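Here it is, the structure in full.
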Amino acid sequence: MGELAPFLIIGVTSGSVYGLAAMGLVLTYKTSGVFNFAHGAIAAVAAFAFYELHTVRGLPWPVALLLAVVVLPPVVAVGLERVTRGLAGGTVTTKIVATVGLQLAIVSALIAHYGGAGLSFPRFLPTESVGIVGINVGIDQLISAGVAAAAAVAFFVFFRASPTGTRMRAVVDNPELLSLAGTNPVAVRRWAWLIGTWFAAISGVLLAPQIGLDALLLTLLVVQAYGAAAVGLFASLPLTYAGGLLIGVLAALATNLVAGHQWLAQLPPAMPFVVLFVVLLLVPRHKLVEPGAHASPAPVAPLVSPATARALTVAAIAVAAVLPLLVGPRLPVYASALVFVLIFTSLHLLVRISGQISLAHAGLVAIGAATFAHLATGVGLPWLGAVALAGLVVVPVGMIVAVPAIRLAGLFLALATFGFALLLEKVAYPSDWVFGAQGTLPATRPAGFDSDVAFYYVLLAFTVAGLGLVALITRSRLGRLLRALADSPTTLSTLGLGINVTRITVFGLSALIAGVAGALHAAQSHAASATPFSALQSLTWLAVLVLFGPARGAAPVLAALFLVVAPTYGTSDALTDWMPVVFGLGALLVAVHEAGRAQRHAGGSTAQQGEPSRAAERIGAGSAAAERAERAVSRAGDRPGYRISIGTAREGGR
Amino acid sequence: MLRMRDVSAGYGHAPVLREVSMWVPPRSVVALLGANGAGKTTLLRVASGLLAPSAGQLSLDGEDVTGRAPHELARRGICHIPEGRGVFPKLSVRDNIALHAGAGGAAGDVAGAVDKAVSAFPALGRKLSQPARALSGGQQQMLALSRAYIAEADYVLLDEVSMGLAPVVVDEIFAFLGTLAEEGCALLLVEQYVSRALALADYAYLITRGSVTFAGEPGELDADGLAEHYIGTT
Amino acid sequence: MTHRVDTEHGADAAAAADTSGLRATELTVRFGGNTAVSGISFTAPRGRVTGLIGPNGAGKTTTFNACSGLLAPSAGRVALFGEDVTARGPARRARLGLGRTFQRMELFDTLTVEENVALGREARLAGSHPLRQVVNPPAQRKAVRAATEDALELCMLGQQRRAIAGSLSTGQRRLVDLARVLAGGFSVLLLDEPSSGLDTAETRRFGEIIGRVVAEHGSGVLLVEHDMALVMDICEHIHVLDFGELVFAGTPSEVRSSETVRAAYLGSEAG
């Protein structure tokens, strides 16, 4: 025990703040049914607001702190409540994409305005150290941990004992019944968002002094709260806080254990994601219950007729073929856009066609890139063979991502894949055997196609082949099965299909294309490195793809053009910097719009969210009450049916 | 008077109610009958604001309240006890009662509400700190029904409140409904125990596939006709 | 009701010849402390329409979910053509010949009517084999097309074949749901409230379709339905559920005249 004490101290001080952030996350998730991927971004906003007010504008730090942590959150909270109310009846994908888009927009806006490099954050708390059980701990860290613990305890008391706390628990239990009892659930949810935002803001200003003012880093640090939330099974607030402490302690212990094992050096910071992934893989499925209702996707009429679509496809290929003559020195930009068309095609197959979710896609592309570089340059395989093998090597990795898809659906699947992506990024990317000791591996182009123009045509051939393959799949039996899987997996299994096989197949196919795209990415940029494939890229890609979702088959092409090509046409750097903000907000808007359509399609014209029938149809959550609720969706009839005349009550007309 | 005029409503693909007109006068008991799926629950959902009608009008004491949120209607005296158990299962009995009393207001209100609930259903008195899901089905239903009494509602909409309960509990629940009616609550009663509902009712409506097919006094309906309607006996 | 002893297990030929169809034995489903279905036993043999009726919340849909494998029963057994399938998932039961429809018409909303119906057969052919899910041999293609055409014609959906299922009216959706299981060629069909949303003519037509399917293919049908006219018209045998228990079983005329059934529907004080 004595030996472990230092790690406990370190772990608890760092874990307390994560625990607080995680409580805010779980509270808003449980009350609104929407998991806020932008939670960490809000922490960053508060930290930057403090920086702006204190360092830039020169306000005294207590005033700046008050404004950033107390005054700002209510504004944010009201907005978040409004947005998530619109999402409540949407599909799982729209719910995820909306807050992912918001996160992207916020982080990009902060980077665009303040620059990507970490600014130094004012250390407004005293920084002396005190010795506790033989180790030195900064007073600021102790204060941070204490503030977080006090906020957690105060909130817990409020949640258990105050009238508003009671209403919050009631809105988690049954929002409709709460409204019948005379309380507006919207007002209660606003409170929950306010407290959640407060907690995010507090953790933001407490973490920033320790890690510097880096929007991405701050956002990611709060992502560590996902692990804590997983320990509380995304439901229990005290356990969530305890999860924060546990992860802090585990990380501190791991730091000690892996000392001297270089390849494990990245394990301690990855501990939250290990916990997240392991919890989601091992916890019995019925313990993970998503709050709120989910709709199936609503049918969308195609924007153009099939004949027009064919004509557009031919025209697009023709334009692509003559492009080297038109764009001059910009050709490399278009070449990498082709690679991204392939990447988006693989994601499109998974997300839009099959209704699956993966937030690990950048990881698959990265493995493809690294494998190709090893095989082509290191082993010396023929170029084409190395590309093909790179694709094949990624297939089993894609199937590993599919394992959570068998157990989990919706949000928990998304989080499990995101945990996997972060693990890859934290543990695999930095190790020698992935991107080499230098962090970058040389990659070659095929002999005779070394020039940009020649290699452009190689890429074009691969891209057209990839698009053709997906088009072929869509029209085939597998395509019908995949599209049906997106609509109603339960029905498909009652018709006799082994849907887990279908899921693994589509994850494998998507991984194959992603792996090949990774190889081509490396060849195009002459190198394979981790930078283009951070876990956050997966989120960005998903957001951009969904933004162009209404374009259906053309979505991958448009997404690539806008992600890769459009920013280079900006006349100023500012435009380039602000593009991702537009993507993020665009994805948010599209998601809100689609959620509205799905809700109307499902018939939720109710004043409140949560149509009971939808909840009831989730098999397994079924019960006698659910069966009764199912009945609530009554059957209508067009026929005049019985005509009962007064007095005799007899059936007539038949 | 709680009144619906030419109300149509449904869920997405499925229209359920078609131009239904009905009214619940103050201090009256109205029984709403019909086979499974005829649209009774949907009708109650429209009446309490949970479902906005696609056409038609809902009015309360002469004022058009179509499209009002359920919590507004609840504050104006409409109390809807929904199908299933209308309780918050994870909350304690006391918290449930606090929510009934204008959602957990001042401590004094809560104490008064608890007294009222216990006076109506003494069995609840011993269970105040237990979570509602730990109660028996009958006690849960009593807890749900106590809202009508605590909230001093003018119009109480009851959706199959006796479903799945033992006969002795059903007796107690009907006794409570009788008391509510005597104290001047208007009741709109959806009930599988048709005969008991009719015994209590001043008026009855029969709806069939979303349309009103009978409106009148209970005596005008005969048991055989009803049995035919429900089971198809001849 | 005879109780034959099951001796064969899983032999397909035996299954085809076996007329026992679906058999539930002492089926119990509990949710937490609630018993939704309590020790019920019944059979839905091939070649006849069996009704399952009862008031709201009696446990009918729960029974369906337990039979089709969407719910694991707390106790009891489900057998299909003599093979115990209690531990089997819904897909395996479907491939053994059990098809079902949903009260809420779980259509593939973004697919066309034709694709929906074709999937009734195709999902079964594709099964759990990765290659079969990808490869569509000409013989199967032909079989799927034939089954689709038959089902579309039987349900009078020829006009709507290219329509997106999500855009249809309730009545048409109901027919697509039915056509889909008919195309699947299942030996036993569980139909959950299939006449809801149909008008009088459609309901009558629906009764005829069921009659034809039973007569021509020898299929068995287990019907949950609230339209008593339809139930009394097409069911040969009816089970009545109340409070999760089987309170009566008999012919339509026996059900009509049963005091027990009357009490279940109207309350004990009725009459």
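For reference, chains read A, B and C in written order, and residue numbers begin at 1 within each chain.
Keep this in mind: a residue touches a chain if its C-beta (ideal position, glycine included) is under 8 Å from a C-beta of that chain, and two chains touch if they have at least 3 such contacts.
Here the structure is a predicted model, which means the values were calculated and not measured.
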Of A-C and B-C, the pair with more C-beta contacts is A-C
Outermost chain relative to subunit A, judged by CA means, is B
Per the C-alpha centroid definition, the whole-Å distance linking subunit A and subunit B comes out as 43
Here the gap between subunit A and subunit C, centre to centre from mean Cα coordinates and rounded to Å, is 39
Expressed in whole Å, how far the mean CA point of subunit B lies from that of subunit C is 34
Residues in subunit C with touches to at least two other chains are numbered 32, 34, 56-57, 170, 193, 196-197, 226, 229
Subunit B residues touching 2+ other chains are 13-15, 36-37, 160, 163-164, 226
Touching at least 2 other chains, the residues of subunit A are 601, 613, 624-625, 628, 631, 633-637, 639-641
Listed in rising order, subunit A residues that touch subunit C in their complex are 296-301, 476-478, 480-481, 483-484, 486-488, 490-502, 504-505, 601, 613, 617, 619-620, 622-625, 627-628, 630-631, 633-641, 654
The answer for subunit C against subunit A in the complex is residues 31-32, 34, 36, 56-57, 59-62, 65, 68-71, 89-91, 94-95, 99-100, 102-104, 106-111, 115, 118-120, 122-124, 126-130, 133-136, 164-167, 170-171, 180-181, 184, 193, 196-201, 203, 226, 229, 244
The answer for subunit B against subunit A in the complex is residues 10-16, 18, 36-42, 45, 48-52, 54, 67-71, 74-75, 79-80, 82-91, 95, 98-100, 102-105, 147, 151, 160, 163-164, 206, 208-211, 213-214, 216, 220-222, 225-226, 228-229
Subunit C partner, complex, touching residues on subunit B are 13-15, 35-37, 133, 137, 160, 163-164, 167, 191-196, 199, 223, 226-227, 230-234
Touching subunit B in the complex, subunit C uses residues 32, 34, 55-57, 105, 168-170, 173, 193, 196-197, 226, 228-229, 231-232, 243, 255-257, 261-262, 265-271
